[in-house]
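A short worksheet on the structure shown next.
Which chain is which? They are A, B, C and D, in the order written, and residues in each are numbered from 1.
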């Protein structure tokens, strides 16, 4: 039984896992890149070791170094978090051969489900429908993909075989777009996963992206924790998740849960995993892929079930039985997660970098914030732009929305632009409130532009605010100029002037 | 308070002085084509289009977050200086506000529309990153919204689009190059 | 039905209530003293009005001004929070006569339960035992109290008739101490409540302070939400509360709950209230007093029952029926609240004032922080020293303690000293872990001194930290001196020197 | 690195220079009667009682919070300057640390115990507040732990006690008086 856990990750998920370890009395080890010396995960761990320079390839993707550190400091388990090495079969295998417990599924399972094409064929064999696409063909060339695209028909999606987190996905409207999009998808897949292989999938219109959380122990027990609604995406990046989905009733939940358990059993799945489905308007569901790791959005499930998923991951990895049976799992209330990204929603969602100078977290009843940043931290271009997750729980979906609305209004981050205004606009959208959305909603039927009503009421206040700021700036400038005119002979004033312009 | 008095107050070395300059007191502020005439009366009063309001204005948690009480209503906004306007983020909405002092605005109006920008647009990098591709060439005619450059940052490929039509006059970067924030990438005429 | 609520309070409780109102779509009004212009409650409310200078008597205790503001801005309900005007019959009555809903019990109930002597006699009539003390004598003089003290016997407690929040309480060991302690208790009672009347109560040794939360609507429904364990006190100030109490079993809980409901019905209680009991070692319980308001420690009950007590208060005040029946109330898991005070646990718990320059809140699963401060806020000597409450939930008491431990370790407040180290020491105490404590524990059997083990392991690290700080300070000083020696002729350096010494 | 080199590096105007002065490099630090000889070797190494450790020391969220990695172990502490010692708050415990540079300490030891404080203790107000009572008189003999003054702050009456025995030499405040933080309240000889 391991006593010391190394967390092979950074940011909010590293902090999340460190907390779970600490709350179970386990010793913790952090690893960090040169850019992350002051990061929260370094501060919160019992031990912390430098991996290398900022770029992931030289730090967080250096599995060899991480295993070496684990061995040297006596950490006999590694939690990979999500991203980075979480779905790398070779890394899991190296851990195993060095006698280190990998907190996740068996390497073979990672390999099977990590190759999206193999995963699809296994699931088809188990009798579960998949979204039509390229099947059972290895290492497709651009020419083969072009051929296949004609068979599948447009619109379709190009996806990375080793994909995850929305990286390497391209939507194609017609055959003319294929060559350039194949090229850019391969580039992104290569950069993100070190593997440029691609496959194609039919684009299902008006569909919802629903995933089922499963937990499986080493004693053959597999349970599911219900679904998460993850349809709110932009460029295939999830932005907001809910549990439960307002689209799924108890019957469909039970049915999808059973299928998720069946798939997990088919691959001898162990630990926490997620089965992603597309659900069409007629409530037919199709297997998309399985994520063999902890998900970013796991907290919404934790909030409605009371299950601490990371604690269960540790429990399972220690060879113990699941704490819960399927009958213990009850969905109570509703939870929503907003991903707070350092990006400017008024400027095409371009990433924003800089130093966070102030931050005021929303707190109080029914709220949870998972974050890895604090005032003083620099947001660099090296890693993901997600800097925090705000999770609100309510007795009903309506209460959760109202709570999230007040949380977003309270949250202040100074130093970088964030997508908080995007989430605020979303919370006010009637379609969102009504639960009427699919995976195309953000890109096709959502706008950051304010309504005529907003313009009138707050335009005046905005004008006053800007005018008062401009006025006080002008006053300050006038003071400096006047002082300087008066006092150029006096070096004290010169020093002050110089200081102001540094 | 007259100008002379104000400067008199400030003459003690090291003591911050308050200069109230009359010609700074009236502003015309424009939000989405709506103009507001705003006059700063004193520290706690302004008038907007002739209506007098009691205001209490304070920076909180450091710039750019400001708290404003207007006749008791409590607002809090981020106010960022933009290139030509102020951006105000208020209750989840962003408002572009052009603030001009009244005299300046009158002078400009008198001069007519003779002042024009010289028509050159510089595409600056919105963040540090690496140039992936530059799908345009010097001399090429481009349309508004056309992708000018793809920049990788935070593991994402970001398309930088043209805000207007024109001709690429110069490209200053090449694929594979690492760029700093605000570095000029290319110019459009 | 009211639409706009004025919160007649400040600090964390004002923020707590504003949030509850906002989450129910109610408009909110804050009031503030000159010291509180930048306080969180002013920033979070829809409207905010100045009351007057910093001292409470000139601001938060000015019921007349508050009612005037409410009428002028159209607020048709007032929530008093706790402290200040929360248990002032005259204020509640003034609200009523001005047509403003007072979110709390009827003025007559406040008067009855507010006079601790009258409350005791009503409870005795209802057949509930009380702690022996002075009964049914009005306006006791010092001479009468001296006489009574001989009858009751020592040790005993002097208490303020209008008391609350531990103010005006003195413990007396023998008759010699009586005169001076009567004087100081009267002074404190006068200063805190504007009423210097006192009474006496026998000191029960080895007792626990247990309170029952009740909710009562205007339709005659009364339920209880179980107990809170509040025995951990210092100078009669609560420092840590838990729900449930490890000392109370289901049978005793049901019995005490029934008695609490009986007492509430005896005084026609409406809204949220708390009945405080002393429970001796043999599990006999005695009525102490009823608090006719929201309690500081209400979140622990919210965490284990899922009931939003402030939301229920609003619901009841709107004349609606309780959302829950007694059968709906189930205790799930365990919650602990630590009160974070601006006071120095290493210097006799003296209050600490100053500007908070940084703050890092503990976040993540199962944690809640209620606070009214943020970086930039000045902690003044005008108000209570409590600046935040950290509440941790766990599936078991052990899990809650482990979670609280990691939360306290994460929490950083820079600018004032806090009692966080006190709570950390408490979490490590074997007696606390075992649940073996009574109201005398902190004062008699608890010490902030570290054990021999701690000294050894971390003394070395402390020595290194202090040495590195001292070294870098010495280096900085040396740099300045050397620069100055070298560069006095250069005004640039002089400017820099001057700047450093400002 | 020699002293001369270090100053050479710093000669570029506007560039912070690192001065490593040899005589500042050895310290004797005392925690609860335990002495540690600590030597600063370079930016990332120290020795403690002759044992070399690799250290990585950084201020975080501004002074006084410091992060310290010692051979991989991660610690974070508050370090406050006290009157005569440093107060280190570490994992919920406070440690008083006296840091002396070795040379100074040796000199002091050589001078013997002739250096003595003149025996006067000044009771300073730990916070702003109002004096309620002063239960002692000038000239009165007092014991360690005896209450000298009651101060009201944050709605609490706080007893200020004597840290040692002695005689009240002077009382500088009276009941009802408002006092500032660190104001001297009375003296003990």
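As a working rule, a contact is a pair of C-beta atoms (placed from the backbone, for glycine too) under 8 Å apart; a residue touches a chain by one contact, two chains touch by 3 or more.
Here the structure is a predicted model, which is why all the values come from computation and not from measurement.
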Comparison of B-C and C-D by number of C-beta pairs in contact, larger one: C-D
Reference chain A; chain at largest CA-centroid distance: D
Inter-chain centre distance, chain B versus chain C - centres from mean C-alpha coordinates, in Å: 46
Distance from chain D to chain B - Cα centre to Cα centre, in angstrom: 48
Whole-Å separation of chain centres (CA-atom averages), chain C against chain D: 33
Geometric centre distance via CA averages, chain C-chain A, whole Å: 38
Junction residues of chain A, two or more chains touched: 44, 358, 360, 374-375, 492
Overlap residues in chain B, where contacts from two or more other chains coincide: 61-62
In the complex with chain D, residue positions of chain C that touch it: 167, 184, 187-188, 191-192, 342, 344, 346-348, 350-353, 357-358, 360, 380-385, 408-409, 412, 414, 420-421, 424-425, 428, 448, 450, 454-455, 458-471, 474-475, 478-479, 482-483, 492
Chain C partner contacts - residues on chain A that touch it in the complex: 15-16, 19-20, 22-25, 44, 299, 302, 306, 308, 332-333, 358, 360-361, 363-371, 374-375, 395, 399, 402-403, 406, 410, 491-492, 494-496, 498-499
Complex interface listing, chain D residues touching chain A: 56, 58, 60-62, 67, 69, 72-74, 76
Residue ranges of chain C in contact with chain B within the complex: 29-30, 37-38, 42-49, 73, 374-376
Touching residues (chain side chain D, partner chain C) in the complex: 7, 10, 13, 16-21, 24, 27, 29-32, 34, 36, 38, 40, 46, 48, 53, 55, 57, 61-62, 64-66, 68, 70, 75, 77-79, 86-95, 97, 99, 101, 126-129, 132, 152-161, 181
